[in-house]
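There are two complexes below, and they share chain A, which is joined by chain B in the first and by chain C in the second.
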Partner chain A sequence: MAGIKLSAVKKIYPGAAEPAVKGVDLDIQDGEFVVLVGPSGCGKSTLLRMIAGLETVSDGEIAIGDKVVNQMEPAERDIAMVFQNYALYPHMSVRQNMSYGLKNRKMPKGEIARRIDEAAAVLEITPYLDRKPRALSGGQRQRVAMGRAIVRDPAAFLFDEPLSNLDAKLRLHMRGEIKQLHQRLKTTSVYVTHDQLEAMTLADRLVVLNHGRIEQVGRPLDLYRRPASTFVAGFLGAPAMNLIDAEVTGGALMLAGAALARGLQAEAGRVTAGIRPEALRLRAAPGGNFRLDYVEELGGSRIVHGHIGAQRIIAQTDLAQELSAEMQAELPLEELHLFHATEGHRLSMGLNQPATADPQLVGA
Partner chain B sequence: MVENRPFLTFLAHVVLILGVAFVALPVWIAFVASTHDQSTFLSGSMPMWPGDNIWETYGTILGTGAPVPGAPPLTLMLKNSLVMALIITVGKIAISILSAFAIVYFRFPGRVLIFCLIFVTLMLPVEVRIMPTFKVVADLGMLNSYAGLSIPLIASATATFLFRQFFLTIPEELVEAARIDGAGPMKFFRDMVLPLSQTNIAALFVILFIYGWNQYLWPMLITTDEKFYTVVMGIKRMSDVADSDPQWNFVMGSAMLAMLPPVLVVIFMQRLFVKGLVEQEK
Partner chain C sequence: MQTKRTTFRSWWLPYLLVAPQLAITLVFFIWPAGQAVYQSFLREDPFGLSTTWVGLRNYIRLFDSAEYLASFETTVIFTVCTASLSMGLSLLLAVAVDRMIRTASVYTTLVVWPYAVAPAIAGILWWFMFNPSFGILTYVLEMVGYDWNHRLNGEDAMTLVVLASAWKQISYNFLFFVAGLQSIPMSLREAAAIDGAGPVKRFFTVVFPLLSPTTFFLLVVNINYTMFDTFSTIDASTAGGPGQATTILVYKVYEDGVKGLNLGSSAAQSVILMSIVIALTFIQFRFIERRVQY
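Then we have the complex of A and B:
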């Protein structure tokens, strides 16, 4: 077990117009579960592959524990990786798949057998140990891939979108298992995904990447409540945060000629206002500013699509909410996010917004 | 397609039976000819059923060799053919799988150039370069030897190309997983590439064995010593007598026996080959 430290890590592919990773600093604590998330092409996989040693580091330094590993072969780095398409050796049985890396390290046979039995019991794959991967379902293959990582007892697990090949239901299930596995093994983990829900639920700390740069690092709820830029704001949360063009005049947020919120201490001018769909309060009122377009039923709640002025806005409401063609939209001031209209970074509103409270287990 | 049209079924069978007859009849006639004595075959009316000369014919060609052209015994020639075909097959597979491995998995200077050169040789079969090759083999003193029979035929662009195409389909992640598991290049070759290529190797073995077995022009050029005659040459020699009628029963008998090993290889390897195909993932 060890932490991972990235210092000004860069990746420049030969012939590429701009670097794939543009200087990333990140300090991953021992035992921490860090999720790298971002849209495709943001450099998250490249970063992970550099940690694994599958890509060379163009500039900067990667240290696992207290060893700088830039020049080390992947096998020497004491890491284990779980791949998106599992990458199980098709001609080997599950047992052989799991033991291959250990055999290459010249581990004694008895120790290998013990580790495999242990990992198989944890992952509930004991009945399949002598099957070939093709005789397993997707979820079972995923477990075997994790088993192959676990038996190595590495300093860190690296996950490269391990759940994207599974169907939605299985993905949810495996997500829970990965979380439990981490709570049990407490091994440092770096997890790459483009699925913000996966990222939110799994991460101890979330790293949002965009265009090869870190946009924001922090606990998932902090990022959700105080996104540092429009990019993070739009990326986290489903349905996504409304990002609308608005204007601040005289301490009021003006949208289509009407004030949506008052009492801001922000500089006057054009801004991008960020509003979580669940934060918007709607009230049936003829002549209100919110025009209803259509409604999506989710069962437990509903998503209301409409517009204010010319801008489309969605709101998530509970089922008790009365709906009508014209409604008044209101927003508690503390739920408003303001961003720079062109640069996209977060603007201060002069409010002391409450720091995020950790979810506390009763009696914990 | 589940259809029940008796006439179509009937027609399909007629076509298939005609096709089989077309291919099998000459083989049958060759077999029948090998079981009669020489005069029956030359009398003009071909019998369609086997005669009673079968033991004598096969005994002679296998034991002492056909008397008239003075061909060596067939056992020797079969052995020569087998040795040549096996060396060619094994050599071709070994060399091409290694060169394909190098071309696909290693980045070395001139890689593309080398691949292009290999690819270009696809267009140059043995027959085109036969004179220079003969000269080289003669200068190296390899005339009348197994080495001379097989080595010049070993280099194979086709097999290299096939293996390359197959290696390109092995997912990149598998290579990376093996790297993380601590497999160096040769370990990766032995533990991953070889087992995964099993079906390709089996298929190539069938094709290349038959290619080697059927070599005709090259053995004829470089062997003058009867000890190194291959069976295909032997047949040619038996049927090519100057002063008397060819002994067709012996010629046909030899042809029957010459057919046997490739048929066995196809039957035996085909099973392995199909088994491999069925076991392949996806």
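Then we have the complex of A and C:
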């Protein structure tokens, strides 16, 4: 087991106009489960493949444990990888698939058998050990791919969207299994996904990437509560955070000519206001600022689509919420996020109160 | 494997569509084959004046003939050498191209050229290069101290026809190997690299086994090619000589039939040849194909 340290890591693909990874610094602790998340094409896979040694590092340094691995072959890095398409050897049985990496490392036969039996028992694939991958379901293949990684007992696991080929239900199940497996093995893991829910639930630490750069690193809840930019704010959480154009004047957040919140110690000027759908409180009130457009029923809660002035806003409410065409929207001040109108970074509002403070409801 | 089913609206359309192919097969394959079988039971004098029914005697005589049995041996040597040389070389080229597939369009085109060359021209091309009096390769060989003469030396002649035939087939094999290699997902090789297999081990334990359907298909095609299609290459370069050194079965059919005008024996030889190919193909598909499935 070992930590992984990335220092100013860059990747420029030959012939590409723009670097795919533009200088990433990241210190992954021993035993930590780090999730790289971001939209398609942001460089997640590239970063992971550089750690694995499947892509060369254009600039910067990658260290696994205390060894710089830039020049090492993938096999020498003591990592195991789970691929999106599982990459099981189709001509080998499950057992052979799992033993291949161990045989190549000249491990004694008895030890190989012991490890395979143990991993197969944990992953519940013992009945399939002598089958070829083609005779397995998607979920079983996924387990075999995990098994192949586990038996190696490597310094780190690398996962590249391992669950994205599974259906929603199985994905949820395997997500839980991966989490349990990590709690049990405590092996350093780097996990790539573009599914923010998967990212939030699995990560000890979340790394949000955008255009080859790290937008923010931190514990999932910290990122959720204090996103450093409009990008992170909009990326984490479903339904996504409302990001609306607003103005700060005289300590009040003005939206469509009315104050949505007061008592801000933010500089006057145009801002982007971030409001989580579940933070917005709605109250049926004729002449209120919120105009209802339509409602989506989720079963346990509902999503209310509407607008304030010209800005579309969504709110998530419980089923007890009374709905009417005109409602008053209110926002606890500490649930408000302010971002720079053009640059998108988080602005200080001069709020120092902890999240547990009494909600300070502000009406228009 | 999934098969696509097309439904035709009228029952006669499918028959109409396969009719031209059926007609060609019937006229150019089934009918002559039947003629050959019939003729193999006859003895006919060179002028076609008298024909006698001799039963199996043409066949019996063939298997008593040392010359015919020698031709069998020549064919085996020739087929094994040509098929392994052309498949080996094209696999090597395909692996090289697969590594830098970006530049492959130019490279691929170059390697495919020989396939556009008619077999007889290929034979003459190599015959020229190895011509004992003015061939460029003979000249080079002489410089390194080898006295090349395929007109006198049977082994030289065999080398010449093997080279010419294999060269002709490389492009075809190459295309299939490249396609086969390209269809192996990159992630499998990457997984093997992470699993600690070096490039050579990776090739033999992962890439080559996954390529086996392609290899098997090419094996069938190549064996059929060397047994039949090499006729014009041999005719243009060595004409079966010196002596009988490069007289493979199909060439002997021609020699005995067209040159020697021994039609009965020649027909019997064609029938034997035909049965060999049918048997080989059957064995290959029946027994080997099952094992190359993964």
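In this text, the second predicted complex is superposed on the first by the 353 of 364 C-alpha atoms of A that agree within 3 Å, B and C clash if a C-alpha of one lies under 4 Å from a C-alpha of the other, contacts with A are read in each partner's own complex, and residues count from 1 in each chain.
Note that contacts are C-beta pairs under 8 Å (C-beta built on N, C-alpha and C of every residue); 3 or more make two chains touch, one makes a residue touch a chain.
Note that this is a predicted model, so its numbers are computed, not measured.
J.: Assess the superposed three-chain arrangement around chain A: do chain B and chain C clash, or do they fit?
T.: When both complexes are placed onto chain A, chain B and chain C end up clashing with one another.
J.: Classify the contacts of A:83 with the two partner chains as first (chain B alone), second (chain C alone), both, or neither.
T.: After superposition on chain A, A:83 lies in contact with both partners, chain B and chain C.
J.: Look at A:105 in the shared chain and tell me whether it touches chain B only, chain C only, both, or neither; answer first, second, both or neither.
T.: A:105: touches chain B and chain C.
J.: Taking the superposition on A as described, I'd like to know which of chain B and chain C A:75 touches: first, second, both or neither.
T.: Both partners.
J.: Answer with first, second, both or neither: which of chain B and chain C does A:54 touch in the superposed model?
T.: both
J.: What part of chain A is shared between its chain B contacts and its chain C contacts?
T.: Comparing the two interfaces on chain A, one with chain B and one with chain C, the shared residues are 52-54, 73-75, 79-81, 83-85, 87, 89-91, 100-101, 104-105, 134, 148.
J.: Within their complex, state which residues of chain A touch chain B.
T.: Its residues touching chain B are 52-54, 73-75, 79-81, 83-85, 87-91, 100-101, 104-105, 133-134, 148.
J.: Quick one: in the complex, what on chain A touches chain C?
T.: Residues 52-54, 73-75, 79-81, 83-85, 87, 89-91, 100-101, 104-105, 132, 134, 148, 152 of chain A touch chain C in their complex.
J.: Which of the residues in chain B come into contact with chain A in the complex?
T.: 171, 173-174, 176-183, 187, 191-192, 195-196, 198, 279-282
J.: Inside the complex, what are the residues of chain C that reach chain A?
T.: 185, 187-188, 190-198, 201, 205-206, 209-210, 212, 294
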